[in-house]
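Both complexes shown next keep chain A, but they swap its partner, so chain B is in the first and chain C is in the second.
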Partner chain A sequence: MKATQEKSEKAQKLIDRMGEKLNRQMAGSLLACVHCGMCTDSCHYVLANPGDPTYAPAYKADRIRKIFKRHFDWTGRVLPKWVGAATVNTDEDLEELKDIVFGKCTNCRRCTINCPMGVDYATFNRMARGLLVSVGVMPEGVAVVSKDQWETGNQMGVLKEDYLDTLDWMEEELQEELEDPTLKIPVDVPDCDVVYSINPREVKYDPRSIADAAKIFHAAGESWTMPSEGWDMTNFGLFSGDDDLGGSVAGRLFESVEELRGKKLVISECGHGYRSTRCEGPNWAKSDVPFEMESSVNTMLRYIKEGRIKVDKTRNPEPVTFHDSCNNARSCGLFEEPRELLNLVCMDFREMYPNRAENYCCTGGGGAMSMSEYTPQRLKSGITKANQLKETAADFVVTSCHNCVDGLADVIRHYEVGMKVTQLVNLVANALVIEKKVAVPVETPVAPEVVEEVPVPVGVGAEGEELPLAGRRILVADDEPDQLDFISAVLEDNGAEIIRATTGDEVLELARKEKPDVLTLDLHMPGRDVGEVFDLIRKDPELGDLKICIITGKPELRRLIYERSVRPPEGYVDKPVDEKRLLVNVKKVLEVVHQDA
Partner chain B sequence: MHEMSDLLRVIHTLHWYALAFMGLVYVIRINWFVKRFKAGGERQAATGIPGRTTPKKGILYSWGNVAMPWSMESSRTRPFFYLQFVAFHLGVTAAILLLFIIPLGPGLLENEAVVLALRIPIGAAFLVGLGRMVRRFGDKYMRAISSPDDYFSLILLTVWFFFAFLAVPNSTANGEWHLIGYFLIATFFLAYVPFSKISHYLYYPFTRYYIGKSLGHRGVFPILRGPARG
Partner chain C sequence: MEAAVASDPQISIRDSVVRLIRGDITELDVDAFVFYAQSDLALGSGFGGMITVRGGASVQKELDEMAPVADLEAVVSEAGKLAAEFIIHAVGPKFREDDIEAKLLTTMENCLSRAEEKGIKKLAFPAMGAGYYGIPAPISATVMLTALESHLRGETGIEEVTICVFDRPQFTAFKAAIAALS
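Let's turn to the complex of A and B:
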């Protein structure tokens, strides 16, 4: 068989580009494997698929290694069959490779640290992803997210006005919560000590974490700001293997800090964001970074140690465990600081086993959450994680990674673990003891008064006070009776009039008939496809004013909604949903004003 | 001690040539590896707990990993595998030493202790080789990752251990077929190894160096394990 025989253009390009991409580390890893099989059991995919050797790290690695051997190593040129060398010829071959490098490996690097030869499969798996992406072969989600990040500068396509609106909204919430109208979420303030960068997921699905971080900066008296441009610290280049994208995204963030003359870039809790920005960014961007960078975990820990913030751990009495993000722990050495912090802000922290650099992937690593075609195998691979979680018997699993939040939430739901996912920023904010400045006449000494943490306003005012959702009609759509009851009860208690639907068809019918102000929409219901229902509602001129808040336990279904060409929903809440988040989000949704409205 | 037959003498000579050939191929191969592939660097400031890890510590830890079965879950949880690994590689070392002792210092083999010191690891390696064959042929996962070279190299090594075990006293009391077998296979090996996975030891220092350097810089190596369960 000739290596050059009838190759598709893409296959040929992939081989040529592999030659350009290979460095000594990768070539060493490709040459050194002795097929000893020691890494086999270290992979969560293997553990979840007993008897299926195609998930074994060395088997998957060999799909890439065979190309390397065939084209770049003389042993493979001279004796291809003998040493397991082979080429790729067709686009179908590339599709097969795609399903392995994207669908069967989260690049978690657990096999790497368990290989006696030091073979770093995850690194050359990422290279293979990059090669496939460079010839246009990739899962649809990877294409969509990469495009968003190239075009809008952030991987969720969040528009600048939405980002700034969310910051304003959170600022108002905080002012109300802390009864301090001077409190600010500063934007584009030059010469600050800290420039804070976030994950666009926080804007879209978890704005509370921005407010929590702001509360902590405020309490610490930090000189800080958020940039209005180049604020996304996530980087899909890490997942897609596209170093150019990686360099461009990291470069944008670095530039924004330089433009603001910030002294330190603080990266909010996100494993891949931290790794891409702190550890890979300067390499991809091929530039040295003239300021410090740290994870917000270190920042929060520092504030407590320096006495800049006070915390009361009794406010977090529930048992919590910690999930180490692969990117943080195995690629950046961030594993002791979160534990130190947890012990300072929680009453009952318990380890999960194995942990730190030996922890198992949440299943959502390597961009897996954006590749819905591989969701079944991803969920199946979560059994090991589910067992790890169950064994702790904790109420909460804490993680310093937004990807892990989604990955864990999925695993918890799928395997009915009965646990909630949260982040350190939420726990620290919850434990924060804030000294409220009481307004007093001038020249009277100001006595700091310790006030209890005020939860996000739920609108339950004093007797007779108008309830926050009074006069609002809300269509609550969910097929799970418990969820339906819970959401309805919370909204009803706050004054809303509730209409209930349990199927896609009912949603459509009741929306048209009842004309509610808000629709809370579960993405997974029987009957008509919810994506279609959403589309029909958006296209119905009579329902132009209807605000929609997605409430879902299946983040992978987001694409049903967000990839449509109609106006996106006004709000989004992840399940399991709690009262506080639900109300905050519904209130926000009601405040949205569309220019076309 | 024995007088070499002409055949054995020819094989001996051949074996030196094969050794030279292997050395030459290795030089070419390392040259190719180093020149063809540029080493990637890391610009970012170090991460991890300051002072706990450095690239240097990472490299030393990474190289030392072979002697620290507790450092990796894969060897920590399989002590028997680790022992097999040790026995196998000690056997290889002993069998290679023998290649030099017989032609250059045969007198050493008059000492019973030396004979034992060589025979025990070689015999153990032979048994491990048999066990590894069973695993490689019988285990579905191992079959899925095995190339013809993997099977062949293992069989050849195991057979070589067998002959090496017999060859250790360097005695021809029962003929010299075992010595011929031992040297012939060794000669073939020396020429074959550069093309096979057996030359993994050539890359081992590099791969472990680079992973150690990188993970040392990133605060991961040496691995820090938390308190034990329970």
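Let's turn to the complex of A and C:
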């Protein structure tokens, strides 16, 4: 008889931990599978890999089920071969399991709703992730993000001062846009009706969505605030399977609302954030939550229905379709509200098929966007989503989830779908009808008219107004001529003086010679490895303080730049570059003041 | 920076004080704080990211010269532009290793030895190994206070130890451990 193989310390701990995590729901799902194959066609990984049975949910589930049977089910202890029971012995076995539970499933739960036996594979796949995390086996990206959320309180490591600066900056932008100096983005105001929580992605990559939400709250006359601490409503514990992280993050958010005595927590558009906070958070945090919680989708819809805001749908004439986030829709039942809202703020909303609970994952679910080692298989699995999108022939795909925004953008780029991604908050803000406060004209003495030819200086627009980037020198680095021209033109039209670079060495040379105020940097520069130019600049004592706005078409490269042991970039813009977003980000970068400045 | 307030749980051990606060350890105005490190001394994300961003690139550069460091050992770097003067990088146990209490105790002793060597008077610790590295907060609290009590009862130049934690469950666990010691 073969001697029992000695287990590694991690393998033994994982098995011990499984015993602690099993509950009735999980045991039911582990035992109920009859291998009927109904789950197979429901999985977007299977559809993209029809010849590879290792992607089938039942197969993947069996990698976890066999351990359960071997150690926790009497049939597996007595007759292991008959019931397919087996164990994990080595650290290599754990690595193999890691690649299945993190790399071959986004926990989207589409197989769950298609299982006639009610097997909730995503639930025990999450458990398996948690078991691996508890012994320190996880993809590098999961480790980075988890540590950030544990220790900085948000999953992107946004510092408190940067968060507050961004709110200040968006407040100024809105005051300028609406010509209303009284408009505020309130922070830490007690006893408000609404406490608004956001995704750190909004601070780092999409601050305009914060401004759009503020505009809507302002127009509705809402009594609202944002917390200075515990403001991140995302929760990487949902993805990593770490219930302790889940409890810590949700607890911090609940605590901030309680400390401010807020009556309702409104959660900005984020699928996993909504599910983690509203549905799972109270259990993880072991907390009785004494206030209401709702998605900002419901809030915006309510404002329109109650007549608190007016919208003009003709401002959004382009055809739009809607992508149901797995966590919002399948897991939390948020199906009809976004559609009702879309029909109120858009002229041409069209469904994609299948939709609602049967919709396919964006490919970015389950934290997949942070696991760059699995990007090729993730993108391959996106073919189903790409086809769904193409068939709508819409110009925009709308989604209420920040993960989906990145996942969809990646699929659209990879399969050349030719569509833009946006969120409901952007569409509602765009459709918002706001009567600007009319300034009371002040009578001033009329000076004698002097007609004189005045030359228009650089940085002054056609109407004579000062342009926002007047007097700024910007080094634009990109190897694609079209991109280089476009970015340069946008910045130049706004008053900046442009210096162009097309290779990595040219960037380094011009940065030293020209000393620009900002560098917009494509991560892929010819002659240098991806990200190398960024790294060299940051480590160069002469250039270390140069402000950098990264521009890249690959969101997964964020990891590459944010994991470096150097100061992260001051700004970040995804390709394809949107004019408005580029301008907003470059203006923000220019306002960043370093501690040593 | 988190200012000490009268209601912070604290305990006197001979001539030294151990107090508990919630906050951001990288912003504390102390002589040194402890960073729970990996043996390659890469600062990485979380507190490490905050040290890099607020303290500057010089910290990692100094660490690169010292890496790798053996398990349970501790080394000292300067703290760049942070308010603290030094950072003690402690390679403590992680993720449900065997003998976690004994290993954590050794790590604590090494941190305190490095602090004494540098003449540190005001020293701050995080909840060692709790959070991301998965050591349950009550275990971390018990071991840390055992190590602190044992060390501070002897000859020491350390006058004040701040335990700076970041969430309510950690605070509750350490508060209970301090109460038990009192």
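Just so we're on the same page, the second predicted complex is superposed on the first by the 561 of 597 C-alpha atoms of A that agree within 3 Å, B and C clash if a C-alpha of one lies under 4 Å from a C-alpha of the other, contacts with A are read in each partner's own complex, and residues count from 1 in each chain.
The working rule: a residue touches a chain if its C-beta (ideal position, glycine included) is under 8 Å from a C-beta of that chain, and two chains touch if they have at least 3 such contacts.
Remember, it's a predicted structure, so these values are computed and weren't measured experimentally.
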item: Partners on chain A (chain B, chain C) - clash or fit; value: fit
item: Touching partner for A:E171 - first (chain B), second (chain C), both, neither; value: neither
item: First, second, both or neither for A:D93, with chain B first and chain C second; value: neither
item: Chain B versus chain C as contact partner of A:E202, first or second or both or neither; value: neither
item: Touched partner set for A:R567, first chain B, second chain C, both or neither; value: second
item: First, second, both or neither for A:D522, with chain B first and chain C second; value: neither
item: Greater chain A contact set [chain C / chain B]; value: B
item: Angle, in degrees and to the nearest 10, that opens at chain A between the C-alpha centres of chain B and chain C; value: 100
item: Partner chain(s) touched by A:G544 [first = chain B, second = chain C, both, neither]; value: second
item: Chain B versus chain C as contact partner of A:V135, first or second or both or neither; value: second
item: A:R252 touches, of chain B and chain C: first, second, both or neither?; value: second
item: Least C-alpha distance (whole Å) that remains between chain C and chain B when both complexes are overlaid; value: 19
item: Common interface residues of chain A - those touching chain B in one complex and chain C in the other; value: none
item: For the chain A and chain C complex, residues of the former touching the latter; value: 9-10, 13, 17, 133-136, 143-148, 150-153, 157, 159-160, 244-245, 247-248, 251-252, 255, 538-539, 544, 562-563, 565-568, 595-596
item: Chain A partner contacts - residues on chain B that touch it in the complex; value: 33-34, 36-45, 47-49, 53, 62, 65-66, 72-75, 78, 81, 85, 135, 139-150, 152, 195-197, 200, 203-204, 206-208, 210-212, 214-215, 218-220, 223-227, 229
item: Touching residues on chain C, where the partner in the complex is chain A; value: 24, 42-50, 52-54, 56-57, 60, 81, 94-98, 131-132, 134, 166-169
item: Partner chain B, residues of chain A touching it in the complex; value: 22-29, 31-35, 37-42, 51, 53-54, 56, 58-59, 62, 72, 75, 78-79, 81-84, 112-120, 278-283, 286-289, 292-293, 329-336, 339, 351, 353-358
